[in-house]
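Mind having a look at this structure? Questions to follow.
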Amino acid sequence: MWQLLSRLVNNKLLLTQLGKQCKRGLSSSTEKKLNVAVIGGGRIGQVHMETLSFHTPLAKPVMIVDFIEKVAKSTAEKFGVAKYSTDFKDVLKDPNIEAVWICSPSSQHSEQIKALAAAGKHIFCEKPLAITLKEAEEVIAAVEKAKVKMMLAFQRRFDPNFARAKQCVQSGAVGDVYAVHLISRDPAPPPIEYIQSSGGIHNDMAIHDFDIARFMTGSECEEIIAYGACRVDPKIASEGKDIDTAITLLKFKNGAFCTIDNCRQSPSGYDQRVEVFGSKGLVRFGNNFPNNVFIEDGQSIRRSDLPFNFFMDRYTDAYRNETKEFVKCILENKEPPTSGRDGTAAMAMAIAAKKSLLEKRPVKLSEITA
Amino acid sequence: MWQLLSRLVNNKLLLTQLGKQCKRGLSSSTEKKLNVAVIGGGRIGQVHMETLSFHTPLAKPVMIVDFIEKVAKSTAEKFGVAKYSTDFKDVLKDPNIEAVWICSPSSQHSEQIKALAAAGKHIFCEKPLAITLKEAEEVIAAVEKAKVKMMLAFQRRFDPNFARAKQCVQSGAVGDVYAVHLISRDPAPPPIEYIQSSGGIHNDMAIHDFDIARFMTGSECEEIIAYGACRVDPKIASEGKDIDTAITLLKFKNGAFCTIDNCRQSPSGYDQRVEVFGSKGLVRFGNNFPNNVFIEDGQSIRRSDLPFNFFMDRYTDAYRNETKEFVKCILENKEPPTSGRDGTAAMAMAIAAKKSLLEKRPVKLSEITA
Amino acid sequence: MWQLLSRLVNNKLLLTQLGKQCKRGLSSSTEKKLNVAVIGGGRIGQVHMETLSFHTPLAKPVMIVDFIEKVAKSTAEKFGVAKYSTDFKDVLKDPNIEAVWICSPSSQHSEQIKALAAAGKHIFCEKPLAITLKEAEEVIAAVEKAKVKMMLAFQRRFDPNFARAKQCVQSGAVGDVYAVHLISRDPAPPPIEYIQSSGGIHNDMAIHDFDIARFMTGSECEEIIAYGACRVDPKIASEGKDIDTAITLLKFKNGAFCTIDNCRQSPSGYDQRVEVFGSKGLVRFGNNFPNNVFIEDGQSIRRSDLPFNFFMDRYTDAYRNETKEFVKCILENKEPPTSGRDGTAAMAMAIAAKKSLLEKRPVKLSEITA
Amino acid sequence: MWQLLSRLVNNKLLLTQLGKQCKRGLSSSTEKKLNVAVIGGGRIGQVHMETLSFHTPLAKPVMIVDFIEKVAKSTAEKFGVAKYSTDFKDVLKDPNIEAVWICSPSSQHSEQIKALAAAGKHIFCEKPLAITLKEAEEVIAAVEKAKVKMMLAFQRRFDPNFARAKQCVQSGAVGDVYAVHLISRDPAPPPIEYIQSSGGIHNDMAIHDFDIARFMTGSECEEIIAYGACRVDPKIASEGKDIDTAITLLKFKNGAFCTIDNCRQSPSGYDQRVEVFGSKGLVRFGNNFPNNVFIEDGQSIRRSDLPFNFFMDRYTDAYRNETKEFVKCILENKEPPTSGRDGTAAMAMAIAAKKSLLEKRPVKLSEITA
């Protein structure tokens, strides 16, 4: 392969390439790095920690917090982080820390954001901002007052498929958006205990699609009608007090309509598909697969494997991209691409959808207040 | 998303998952790690260094060697490696180093392998083993005598597409292999200087396909007939003394035939496709793309983007997988999946192909001797 | 090609094959044929005439009726039909005619069906049965009283894609149907004059999808909510008093939901796609294309052509299959697969959808009466 | 559907459309029609008879010949043809017959062509022209001397996929052709008796691909090397004296290479695929399927059905198009798109391939003489 040897013939090119490949240290060691902390050493905390450690040359994790000491300590060791703690307040006290990734349980988000903002830290926060819309508004106000940057983790926007589709819409290739169709189904339902504390399918699953509907239409939602039923497992209704199959129809201020199909169970695996249709064309994408091998065995012509079955596998790049993007926004003093307002908009849509389902009528977003 | 919160309801699951996700340190710090060195800080050296540092919990890079001191030093800093050197002999002297990744220029491979084997180091070596078949045989003998493990880097075998296709063949879904068809084209030709020192298209490009033909058929090549021409750029013939378009037909001992289409230029980008056809079925795969978005704009229905254009992007997973695999082989004392013999087999095929092209006749592999 | 010569070696096989291929006369000339008439020599009348003449060995067209004498006469000549007329009553008077294909303007359907039924003729009728639901009920009653067979031309059910998808649903591969998603868009809007007399988009376009929703779910519609807007051309609203973009959400008695996306304009051409999702799997299909050639030209990877742009091209097989099927039903004395009840069910859905759009609320089908 | 009613609002358009749809009689009955005969009432004869009868308004079959009287008679009845005969010489005697479709056994072609040409009839001939190259040359000479038109039935050229791919090549989208790859496999081997009289796989199967290679490259073949083996059924070698798996590599005068993969057995069904690769891009197509339904059943994502399994189903349009084309060429006095020379070129390639296989060396086309 000629590229392997290109070093010998084209040293200059090599150095440029090396520069691009370098994830971390070839940036001169005297270059300013952003000192960051991560709160929460759970699954998603590990993901952000890895990105910050290995794939973000200009970031340097300096503290990891987890309420289980063993997790905090082992994570610190794993990523070579100097400090760990079981109390997020240690982050507040450390003047060295410039930005914080909040990966703690949802119920702690609003308190942590307010405290971190007051301490002048930039904040990357996993969804949701807060449990109630009112709290979320308070959080946004606190952040605005503190003049720190905050980015809310709607990771799908940073996935190569979603981002490329959005780019097509923005380029004008689709024209005026007439309709958006979203399929978003989980492989299998979670435990009933989880459903009981999830806030319902609109709050827990559809909220990602509500955000993507806003992202793709480039508009605000005006009205929602939600249908749904318990089809997958009767316990989801009887014990979980929830539906498991939700069809939601949205009308946006720019005239676009959107349908969303959510289901807690999908035999084909984690099913994530998008279509945006408009006056000039359409853009669409299907699922991602672990490989693109097809088998023809005399009986059928089929893909060798089902799509990635787990959101962590499906959205690996998206999680990485969003963290890198926020680091860039801080260092280049740019507005983060997703804001607290994106969070409250999606929350309000989830509330409207639930209300529509219960009251069996179209609900206007103007009816929803904090 | 329920999985984010699953920690609260299912702590045991979480820990299992964490275990899987962990790339490095959550393995107890007292666990034995394999101490490794990397020779060569060029592009591919950086790739292996990243895998060994961040994605292989049980490996620990302890030295990096590059003949340019600046490169050696900055790479050591980047990956937090304790030692760096400009002389590979420092690796020999360090009793702490158990395994070495050779990413140096091809001309140095045979000398380095022999010295490392003699020093009792396990060896992962980028292609080729040596410049001549004779030298390669000596290298293999030296390694066998020293009883160290050696793995030759045919990375494509570790790519998810190639590996899955092979698995289908092995599963019996394809039956007896009748024909293999390989397309393997580069986006654009390298500089003439590179071609002049490349050993020709069979040695430089087709050698990967020769290996894959052996891999997919599970057999040894018996006879080759090579056709080719200079179609892309007349300088490749006049100054490079090479062809740029090669069609090669191979016959294997188990009766399988194979066609290979190599070209130094592909308007569609880096084009890597495989079909294996047999008595019971076929398995095939096409290219990998940066996303799976399709645009319909009233004029056409098309993919939003061409395939990955660069082998480093196309084979990212493959490079990572091969290095992880060798670490595993050493630690579990297993035979490496690719050996020096795989290297000499592919070299002999390249020699036979060149001979066929020059002599305009089918050449038997039995005619090729070290 | 061995099959061409197979006659020589396998004469018996040939005769069997010939028998299958034969569309008409190899059936012994003494075999009973069904004498049929076609009313209406417009586009769809021509299609049915061709099928009846050339592709239905056991049918024999004996009269063609069109109110334009020139059309009636030339059609009779074209297909070698003995009689033509400008008055459908001539069909009633001819005791030789056993079955009639009604392809006249919609406003004449109910009168013609009633008269034909009273005269003891079997009836194949293009949509709709009648202009109002009340009239349609009368028509059905008349047909039932006369004990003749009637089939309503929902041709999509006989298209290879729709029919195969239905078969998958019926086979149990999909399990319980949770959701059906239908895309059904026309390439470009019709003239305003047409829209003015069309009865609106639900009656004119969506009615096919309402039928397919019933077909795919295997259930009756319980409730509809219709959204829509005039997005394509303001004249469709101002002069046509209609919408051009309609998103409709349906709930079926078996719990299935259905979304329908209709638009009078589709830059990608005639866009007809279906997905049926259920407890065990899903079945889906996209558009039909004039060929399956892909071009990669260095800029893009694209289909060589857009889908069939015209319903007559897209549904060629469907039109042929439905007519053959009705001939078979008569000759074998079987129940036709689509009935007058299918027609009134779809009409009621269109009325409910229009009502929902006007009253901006979900409408139950139980609210719709003849 | 607005188009159905368009007659009411747009009568002029309707008449134009009708004109297009009309296959036969709406052409004024005084218009000159081409009187044709068909020799051979086997499978392919039936196909051409149907096209000539029902889909070619300006042709009129006036005689059908088959050596089995029952077949001749029933075919005449089926298509309403005035005369039938068991002796092709009756065609010669009938001054009314202007053109003849030869669908008789291959061994009779040369004699019939020469007689028909001498009688001044235009000739459409199924492959091959003759059994030997020498005879074929004589046939061509006879046709040229008689100044009648002759078209040889290479139907694939008239298939929508092949024709569209060729058009892409001709449009310049592919640039200079570097390589053509053809896959052409039969579902299952024919009876041994058939193979014994087939002239071998190159003459019987590959000959279509040899023609397509010339068609796609737009050049003449210079050299061939043929490999092959008996892999599918040992009787094909022992009793049939043939191979069943053939890989052939061709070099064309314009520098293009071509690989052809033929096999008598394909578990995926009738497998017909093409790729043309060049300096500016590539064009490719895969198989045709009876529908485009995909099923996802929790275990796999697959097409609902295998490709069309039989050449008569796969090439339905092609057979129809070629016959229409020849009628047009006669009536408009144009050169037929495929000539006797196309036939002899493909025959010579088959002879060269067989010679290469036997002599185990590349064979130049210049070695092959009549």
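For reference, chains read A, B, C and D in written order, and residue numbers begin at 1 within each chain.
Here is the rule we use: contacts are C-beta pairs under 8 Å (C-beta built on N, C-alpha and C of every residue); 3 or more make two chains touch, one makes a residue touch a chain.
Quick caveat: nothing in here was measured; it's all calculated off a predicted structure.
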item	value
Third chains touching both subunit D and subunit B	A, C
Chain located farthest away, centre of subunit A as origin (C-alpha)	D
Centre distance in Å when subunit A and subunit B are each reduced to the mean of their C-alpha atoms	34
Between subunit A and subunit D, centroid-to-centroid distance (C-alpha), Å	56
Centre-of-Cα separation between subunit C and subunit A, whole angstrom	45
Multi-chain contact residues (two or more partners), subunit B	267-268, 280-282, 296-298
Subunit C-touching residues of subunit D, taken from the complex the two chains share	1-10, 14, 17-18, 21-26, 29, 42-44, 46-47, 50, 53-54, 71, 74-75, 77-80, 105-106, 126, 160-161, 163-165, 168, 173, 186, 190-191, 193-195, 197-198, 204-205, 208, 280-288, 290-298, 304-305, 310-312
Residue numbers on subunit C that touch subunit A, as the complex places them	175-176, 178-179, 181, 183, 185, 225, 227, 229, 231-232, 245, 247, 249, 251, 255, 257, 259, 261, 263, 265-268, 277, 279-282, 360-362
Residues on subunit C engaged by subunit B in the complex (per definition of touch)	267-268, 296-298, 300-303, 306
